[in-house]
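First, the structure itself, so that you have it in front of you.
Note that the chains are named A, B, C, D, E and F in the order they appear, and that numbering of residues resets to 1 at the start of each chain.
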Amino acid sequence: MANTIRASVVQTATAAYSLEATLDKLERLTRLAKERDGAQLAVFPEAFIGGYPKMSTFGLVVGERRPEGRDEFVRYAKAAIEIPSPAITRIEQISKETNVFLVVGVIERDNGTLYCTAVFVDPEQGYLAKHRKLVPTAMERIIWGQGDGSTLPVLTKTFESADTPGSSVKAKLSATICWENYMPLLRTFYYSHGTQIYCAPTVDARPAWQHTMTHIALEGRCFVLSACQFAQEKDYPADHAVADANARDPNNVMIAGGSVIISPLGKVLAGPLLGEEGVITAELDLDDVLRGKFDLDVTGHYARNDVFEFRLREPTGPGSR
Amino acid sequence: MANTIRASVVQTATAAYSLEATLDKLERLTRLAKERDGAQLAVFPEAFIGGYPKMSTFGLVVGERRPEGRDEFVRYAKAAIEIPSPAITRIEQISKETNVFLVVGVIERDNGTLYCTAVFVDPEQGYLAKHRKLVPTAMERIIWGQGDGSTLPVLTKTFESADTPGSSVKAKLSATICWENYMPLLRTFYYSHGTQIYCAPTVDARPAWQHTMTHIALEGRCFVLSACQFAQEKDYPADHAVADANARDPNNVMIAGGSVIISPLGKVLAGPLLGEEGVITAELDLDDVLRGKFDLDVTGHYARNDVFEFRLREPTGPGSR
Amino acid sequence: MANTIRASVVQTATAAYSLEATLDKLERLTRLAKERDGAQLAVFPEAFIGGYPKMSTFGLVVGERRPEGRDEFVRYAKAAIEIPSPAITRIEQISKETNVFLVVGVIERDNGTLYCTAVFVDPEQGYLAKHRKLVPTAMERIIWGQGDGSTLPVLTKTFESADTPGSSVKAKLSATICWENYMPLLRTFYYSHGTQIYCAPTVDARPAWQHTMTHIALEGRCFVLSACQFAQEKDYPADHAVADANARDPNNVMIAGGSVIISPLGKVLAGPLLGEEGVITAELDLDDVLRGKFDLDVTGHYARNDVFEFRLREPTGPGSR
Amino acid sequence: MANTIRASVVQTATAAYSLEATLDKLERLTRLAKERDGAQLAVFPEAFIGGYPKMSTFGLVVGERRPEGRDEFVRYAKAAIEIPSPAITRIEQISKETNVFLVVGVIERDNGTLYCTAVFVDPEQGYLAKHRKLVPTAMERIIWGQGDGSTLPVLTKTFESADTPGSSVKAKLSATICWENYMPLLRTFYYSHGTQIYCAPTVDARPAWQHTMTHIALEGRCFVLSACQFAQEKDYPADHAVADANARDPNNVMIAGGSVIISPLGKVLAGPLLGEEGVITAELDLDDVLRGKFDLDVTGHYARNDVFEFRLREPTGPGSR
Amino acid sequence: MANTIRASVVQTATAAYSLEATLDKLERLTRLAKERDGAQLAVFPEAFIGGYPKMSTFGLVVGERRPEGRDEFVRYAKAAIEIPSPAITRIEQISKETNVFLVVGVIERDNGTLYCTAVFVDPEQGYLAKHRKLVPTAMERIIWGQGDGSTLPVLTKTFESADTPGSSVKAKLSATICWENYMPLLRTFYYSHGTQIYCAPTVDARPAWQHTMTHIALEGRCFVLSACQFAQEKDYPADHAVADANARDPNNVMIAGGSVIISPLGKVLAGPLLGEEGVITAELDLDDVLRGKFDLDVTGHYARNDVFEFRLREPTGPGSR
Amino acid sequence: MANTIRASVVQTATAAYSLEATLDKLERLTRLAKERDGAQLAVFPEAFIGGYPKMSTFGLVVGERRPEGRDEFVRYAKAAIEIPSPAITRIEQISKETNVFLVVGVIERDNGTLYCTAVFVDPEQGYLAKHRKLVPTAMERIIWGQGDGSTLPVLTKTFESADTPGSSVKAKLSATICWENYMPLLRTFYYSHGTQIYCAPTVDARPAWQHTMTHIALEGRCFVLSACQFAQEKDYPADHAVADANARDPNNVMIAGGSVIISPLGKVLAGPLLGEEGVITAELDLDDVLRGKFDLDVTGHYARNDVFEFRLREPTGPGSR
C-alpha cells in the first residue's frame, strides 16, 4: 500500500489584479492544504496570477478597437508576470517552505504578448517548467497569444509515500488549461508521455465540464485534478465589466467553481466544489493507473499506430528559442 | 427552419442468436420508429445481428483453450453474416420499404475471422459501406479481429427536411463502436471529415458511458446517437453463460441499455433509456453543428496542425484488398 | 513600350449578405472596369463575397458566448462559400465573359471553420488558386480560422500588352489580406517569389493605411493594388450592429474606402478613392519593377542571407491535405 | 572444422513472480551451461523474467472485467521490467561474467502496456536489441500489447570457434516467440535477413510443437533453438489459478517443457527435454546452413519474387519512436 | 452435424510411362475409393499421369548434355499430356461416372516445355482449373518449367453432406506440389484465399515430410491431404535408372509413400500409409476449420498487415497470356 | 503616469569633415536638447561624425578608378574615427556631463575599411555598443564595408521617469541606418528582441521616407526616432562635389532633413523638421508599446512561426572575431 500521495485542488480567485495580494492568497491556501489536509501537491486555477478578465470586451467589435480597450490591456498586461521574475521567486519560496509541489495558472508576459500559462514549481528544485495554452478560446484570442510544442512538459516527480513513510512514489504530471481539454491530439500527446496526474486549471464552471473531466480520466486512465476559479464581483477591480451593469453586487458570482478530483477509473474522489472558495484533497493510489490501463491504454495496447500517424512536430515558436 | 431531420435510436437485443428472428425484430422496430416517431434514420446497437456473447469465456484461460470453447466459437461464427449475403439483402428491403436509413451493428464473418461491424444501408441505394471496429476490448480480442483504415467511412446523406417538405438536408454520418469511442485519434479522424451524426452502437451500459457521450458531442460538435443493447437472460440461448449460474432467471438483465441522443452543444435530446427495450427519437437541427463550431472546431480553427501531425495511413489490412 | 497592362481596383461593399446580389455586383463592376477602363485585371476587397461583419460582437465577452451570437455565426457561415461551389463557377463565368483576371476576397467555409480568403480566377483556366489569411486580427479571431503555408501562391499570368497589340506581358501576382500586410516575413516570402502585382484586399480604411501601401511598394519594388470596401449601413442586414444604435442611418459610413494603386517607386497611380463606391484604373509598366530593383532588391542584392536565415516551412495545416 | 559454436537452451520457470529470485536462477543456470557444457550462447524461455500467468483469467468474461482482475494485473505489471532498468543491468553483468551471449524472454513494461519481449545481451556490448511479440495469442491479448516492425532484429555475433581456438565464427541470430512461429510472413522476414540461429522462446509444451520446430529448421535451413518453460504449481504464487482448484499440488505440472535444438536439415541435436528443468546443449556447425540452402533457399533461389511481393513496411508503432 | 464430407488420398504409381494403363489405374482406384470408402473427393500423387523419373539424370553433368539424355527427354515428353486432350476427357468421364471430385498430379506438355501440374476435375463441370508447380527442385529444374501466378486456383466446391443427406457442404480446395509446401509465401497466398482442403500431391517420402504436413495443417487451420507415390522398380520402364544398377529387383522401392490426412488442429485422421499402394479415407468436419481459426488465423486476426506487406503480383508468365 | 521619458532627435550636418568642429556641434546640440527640452536621449544622423560625401564619385566609372578618387578616399578615411579613440572619449564626456543617452551616426575606420556605424553612449557606463550598417546603398558600396550579425544590439536602458521623479522606466533601444530600414528581416530581428525605441539615423530626405517611418512604427509597435542630416554646400569642404558645379551657392541644400518622432500607433509626435537644422523632442509613453501590441505583435501573437522559419545565423563576419 506504499503507492499513494495526497493531492489538493485549490478553488479561489485572483485578488483584484493585485499581484502581491494574490501571492499572499497563494501562500495562505497552500499552507491550508498542507496543514489541514497533508497535501504534497496543490493545483491552482487558470489565470490565478494575473487574473481572468471575465465579461471584458477590451473595447472591441469586429473591425474596430477603441482606445479605452488598449488602456485596459495595458493594465492587464502589467498585472501579468515574466518568467523568471520576483513573483516566480516568491512562489518558489512558498513551495519550499510548505514542501508542496505547486501547479499554478499564471498570465505570462513575454515582450508585447501575453500567454495563459501554468508553471510547475518544486519544493527542492524551484521553478521546473511551464505550459502555455495552445489555443485561446473566443475572446481570449484577442488578449493572449498561442503556446507551441516547446512547452508541453510531462514531469516526473518523486514524492514520499503518503501511507508508508520512507517509501517513495514516482508520478508523472502534466497541465492542460481550460478548453485545451477538448483537444484530442493534445491529450493524446500527454497520454503517450505517460501522464498520471493530469492537472486541468480552468475557469469553465459550466455543469457540462464535469462530463469532460470524467471522460478524460477514463480515456487517459489518469487522475484528473481540475482547479476552477470561484470569483465574485468583489474579486475584480471596482470598474471591471460585469454581467449586468445595472445590478452590481459584490457577492454576484462571476465564476462558479466546480473543482474536482477524479480517479483513473472515473470515480469522483473529491468535489465538485461549488459556490465557495476552498481546498479539496484526495489520496491518489498511483496503482489505479495500471488498474485502468489493464483494459484501455489508448497510446499503448489500445492504439492503432498502423492506422493513424501521430507525432509532435519539432517546436517552431518563440518558446523554442 | 428547414435544416432538421428526425432520427431514432433503437434499444434492443439479439434474438438468441437466431438470424431470422433478429431480422424480424429489426423490421418490426424500424417500422415502429417510422410509424410512431417519423424517423428518417435509425441506429441499432453493436452486435445486434450476430449477438454479443456477454459472460462467455469461450473456454479460455491464459495458455489454454478447451475444446468446448472452440465449439462455442463455431456456433457463434455461424450466427455471423457475410457481406454481401441474404441477411444484407433483407436489411436493404426493410430500409427500402420503410424509407429509413439504417446503421446496424452486425457480427461479420470473413473467412475464419469475425469482425464487429456497423453497416450503413440506404433506402434507395441499399448497402453503402461498413465500419469494422478497430480494437476489440478485453475478451473480445479472442473472438473478433481488428478492422483497419479502409473501413472508416464518413457518408453524406441527403434527407428530406423534417419541417419543410420539399426542402432537403445534407448530413454526414459515421459509426464508432463501443470503446472505440475512447480512441482520441479515431474521433479526430471522423471530426476532420466533418461527421455531424456520430452513431455509437455499443453494449456498454455503465453509467459512466453517459459522460463520454456528452463529452464527444461537445468535443466534436456533432450529434451523438448511442444505441445500446438491452438484453436479458431470455434473449440468449438457454445454455449461455450468465453472471450467476446458480440464479438463472429469464428476466435477469445482461445488458442494461442507456441509449441516448445528444446535441452538439451537449444537450440530451432523448434518453437515456434504461431497463427496457424501446425506440427513442429526436429532431436534429443540423445548424446546431455550426452553432457549436463557432467557438470550437478541433480540426479547424481550434486545431494546431503546426504542433501536432496527424493523418490516416494508407490502409494496409485485409479490408483494403 | 510593350510591357504594360491595365489594372483596376474595385471599391465596393457586399450586398447585405446576399450571395446572389453580391455576385451580380461583381459582374456589373467587372463589366464597368472592362468597358469603361479597358481593365485586364480587377481586384475586389476583402470579404466581398460573404461580407465583413463590422461592429458585430457575435455575443462575446471574455469567458462567455451568448446563444444569439451562435445564431449570428450560423447566418454568417451560411453566407460564406465553399471552394469549389456554384458561386466559384459564377465568378469563372464572369471572368471568362469579360476576359478580366479576377482577384476576389471571399469568406470560405471548410467544414465548421471559416477562412478569409482571396481567390484567383483566370478568364481561360478558371479558378487557379486561393490564399487564406494567415492571422485574423482582433475580433476576427473568433469568426475566422488561420491559413497556412500551403495557400501562399505567386502566380504567373500572361496578359496581352496594353499598348502593343499582339505582344504579351508576363506578370507575377500575389494577394495579402488586410493586416497581413504588416507581417514582414509574409511580405519577404512574396518578394522572394518575385511578386510584381501585389494585391491587397482590405477593409482597413484608416488614413494610416496609405503609408503602409506606399512603404510596401518601395520595399518590395512592386505594384500595390489595395482594394478596400466602401460600405454604409444600408449595405448590411437591417438588424446588423452599428457604431451608434441610437443614430442608425442608411447612409452612415461603416467602411470608408481608400483603394489605391501605387508604382514600385512609390508613386500613387490612382486613388486613394474615398467616400464612394467605384472603380479606379491605372496602366502598369512592368519595367518599373526592374527600375526599382536597380538599387533595392530586399531578397536579392540587398539581402543578407549570411546574417538572417529565412524559409517557408513545409505546409502543415488543413489546406495542405 | 573451424565453423562451430556451442549453444544451450535452458528449460526453467519464473520464480513465483519474484524478480530477484528469477535473476538468481538466470545466473545459476547460465553458469551451469557455461561450466558444465561450455556454452557460448544460451536461450531462456518466453516470459522467464516476469512470468507467464498460465490458467489466469484476470477476472474477465466477455463484456465485463472484475476489480480483482485489475489487481491481478497490477501485480503482474509490477513484476515486469523496463528497458533499460536495473534488471537489464544485472543480466548484462551475468552475460559479461560468464562470457555467454543471452537471449532471454521477459515481460516488458512501457507506460501502461506490457509486451512479451526477448532481449539480446552480449558479454562485451551488453544489451543490444529486443524483439516484441507481434501477436499475443488468445487470452494473452488482454494482458500484452502488440510489437511492431521496429523490433525485428537479426543480429550478427562473432563467436570464438568451438573447435579451433583463435578462429572466429560469425552467426546471425533472431528471436520468435511462441505462436509467432506460426506466422509465415514473420519467418519469411527473418529468413530473408539470413537468420542462422533461430531462437524460439515459448511456453507451448504440446507435442505438436515439435513438428513445427522441425518444419521451421527445414523450411528456413537454420538451427532452431526452442526454449520452453517447465513450471509446476510451486513455481507460481500460492494463490495463482490452477487447472483444478480442488486438486492443488505443488508438483502438478503447469507447463511441461519440450525444449529442443534442431539442425538446418531437420536433425534433432538435443532434447526434447520433458518433465524437468534443465540445460540442453549442442554443437552447431554453421556450415550446415549452406548444406541446407543448396537445394532450398525460400527467400533465394527457391523464391518467386515475380509472383509474390513481400516487404516490411516502415515501422509505425511505439517501438519506432 | 451437417458439415462433413468423405475424402480419400490415393497412394499409387504411374504405370511404367504408359498413359492408357495409368488412366486405367486412376479409374480402378477412384472406384475403390468410392465404393469401399464412400469418397466424394480423391487426391492422386504428383506426376501420377506422366511419371516421376526418379533416378534419371537425363544424361547431364555440369556443362554437358549427352545425346541419349535428349532421347530420354523425348520419351518422357511423349508420356506427358496436354490440356485439353483425350486424357483429360477420360479423367472427366471417370469423375462423372463415380461422382468423385478428382485432384490429380500430371506432367503437362505445353509446346516444348513440361510442367508438373495438378488438375481439378469436377463430376458435373469436368475440368475446372490447374495448378503448375512454381519451383522445381534440384534436377527437376532441367526437365520442368516454372508455373506462375496465373495458376494458383482456390476453388469452391459444394458437396453433399456426408452425414445429413440433402444438406450441402461448401469447401474451398487448393493444390501445392511437393517442395512448394516449403514456400511460406505460397502457403500464405492460399490461406488468404480461404483454402480448407489443402491437397499436397508429392513424391517426397522422407519421414521428415510428416512434420511439415502437420505444421501446415496447424499453421493454415486446414485439412491437409498429402498424396505420395508408392513406386517400385517394376513400375518403371525396364531400362530406367535405379539406385543400384547392380542390384535391380522389381520389388525394390523407388518411392516409399507416406500419404496422410491431417485435421486443422493437427490430428492425423488417416495414414501415413507406408510400403504399399492403397487408398486412405477420412471424414472431414469442415467446422474444424473454424474451431482452429478461433485462436489462429494467420491471414486474419493473427496477421500483421501493418507490419508486412504481401500480395500476389499481376501474373507475368506464360500462363497469363 | 510613471512610464514616460523625453527624447530628442537632432537634425544637423557634419562640420565640413572637421572632427573637432563636429564634436563641438554634438556637444552644443546635446546641451540644447537637454536644457531647452529636458531630453534624456538624443539621436544624431547617419554619418554625422565623419560625414556623408554626397555628390562624390570617388573618381569611379565602371571599370576604372582615377587616382584623384583614391586621394579623396584617403581624405575621407582620415575624417573617420576608430572605436575606441579620443573621439569616443569626447562623446562619453558629453553624455556624462549632460546626462543624455546618445545614439550617434559615425564613420568608423577599422584597418583599411570604413563602416557606416551608430554608437550607443550611456551617461554612466560610457560607450556600450555599436551597430554597423548591413548593406550600403548604391555608390556607398565603394566606400563602406558591410556590417554583420555581431553588431545588432538591442539595449535595455533604465531612465528616470519624466513625469514621476524617483520612478524609473525601462526601455529597449536599437539603431537602423538609412535604407536598412527597408530590410524586413532586419526589422523582424529587432522586433523579436523587443525594441521599443527604434532609432533611424539617415540621410534620406525624400518625402517618401515619411511613409516608411510611419509604417515601421505601426508594424513594430515601437517609437521611431528618425534623425536626418540637414546639410548645405557650406557644410562641405569647398572643393566637394555638388549637384550643379555651375551654380554653387553655400546655401544650396545638399540634404533636406525630415527628422521625425512617431508613436507606436502611428501618430507623429514631433517633426518632420524640414529646411533647417534643429532639435525636435517628444515625450514617449512607453505604455503605448503595449497599447499597440494589444492588436499587433508581429513576432508574438501575430507571428506564424509554424509557417515561416526565421533566425539570426551565427555571426560570420569581421565583427565576430
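As a convention for this text, a contact is a pair of C-beta atoms (placed from the backbone, for glycine too) under 8 Å apart; a residue touches a chain by one contact, two chains touch by 3 or more.
Heads up on the chains, UniProt names are A, B, C, D, E, F = CN hydrolase domain-containing protein.
Because the structure is predicted, anything quoted here is derived from the model rather than measured.
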Next on the checklist: Same or different interface residues for subunit C and subunit F, judged by whether over half of the residue numbers are used by both?
Outcome noted: same
Next on the checklist: From the C-alpha centres, identify the chain that is farthest from subunit A.
Outcome noted: E
Item to check | Most distant chain from subunit C by Cα centroid | outcome: E
Checklist outcome for this item: Rounded to the nearest Å, the gap between Cα centres of subunit B and subunit C is 47
Checklist entry - In whole angstrom, what separates the CA-based centres of subunit C and subunit E? => result 75
Item to check | subunit C-subunit D separation of Cα centroids, rounded to whole Å | outcome: 67
Item to check | Rounded Å distance between subunit D and subunit E, as computed from the means of their C-alpha atoms | outcome: 36
Item to check | Set of subunit A residues in contact with two or more other chains | outcome: 58, 65, 138, 142-143, 146, 148, 295, 303, 305-307, 309, 313, 316
Checklist entry - Mind pulling up the subunit B residues that touch subunit C in the complex? => result 192, 194, 221, 287, 289-295, 297, 299-301, 303, 305-306, 309
Checklist entry - Which subunit B residues qualify as touching subunit D in the complex? => result 52-58, 60-65, 138-143, 203, 241, 255, 313, 316
Checklist outcome for this item: Within the complex, subunit B is touched by subunit C residues 58, 65, 67, 69-71, 73-74, 77-78, 110-113, 142-146, 148, 316-318, 320
Checklist outcome for this item: In the complex, subunit D touches subunit E at residues 134-135, 137-138, 146, 148-149, 179, 182-189, 191, 208, 210-212, 214-216, 218-219, 266, 295-296, 298, 302-304, 306-313, 315-317
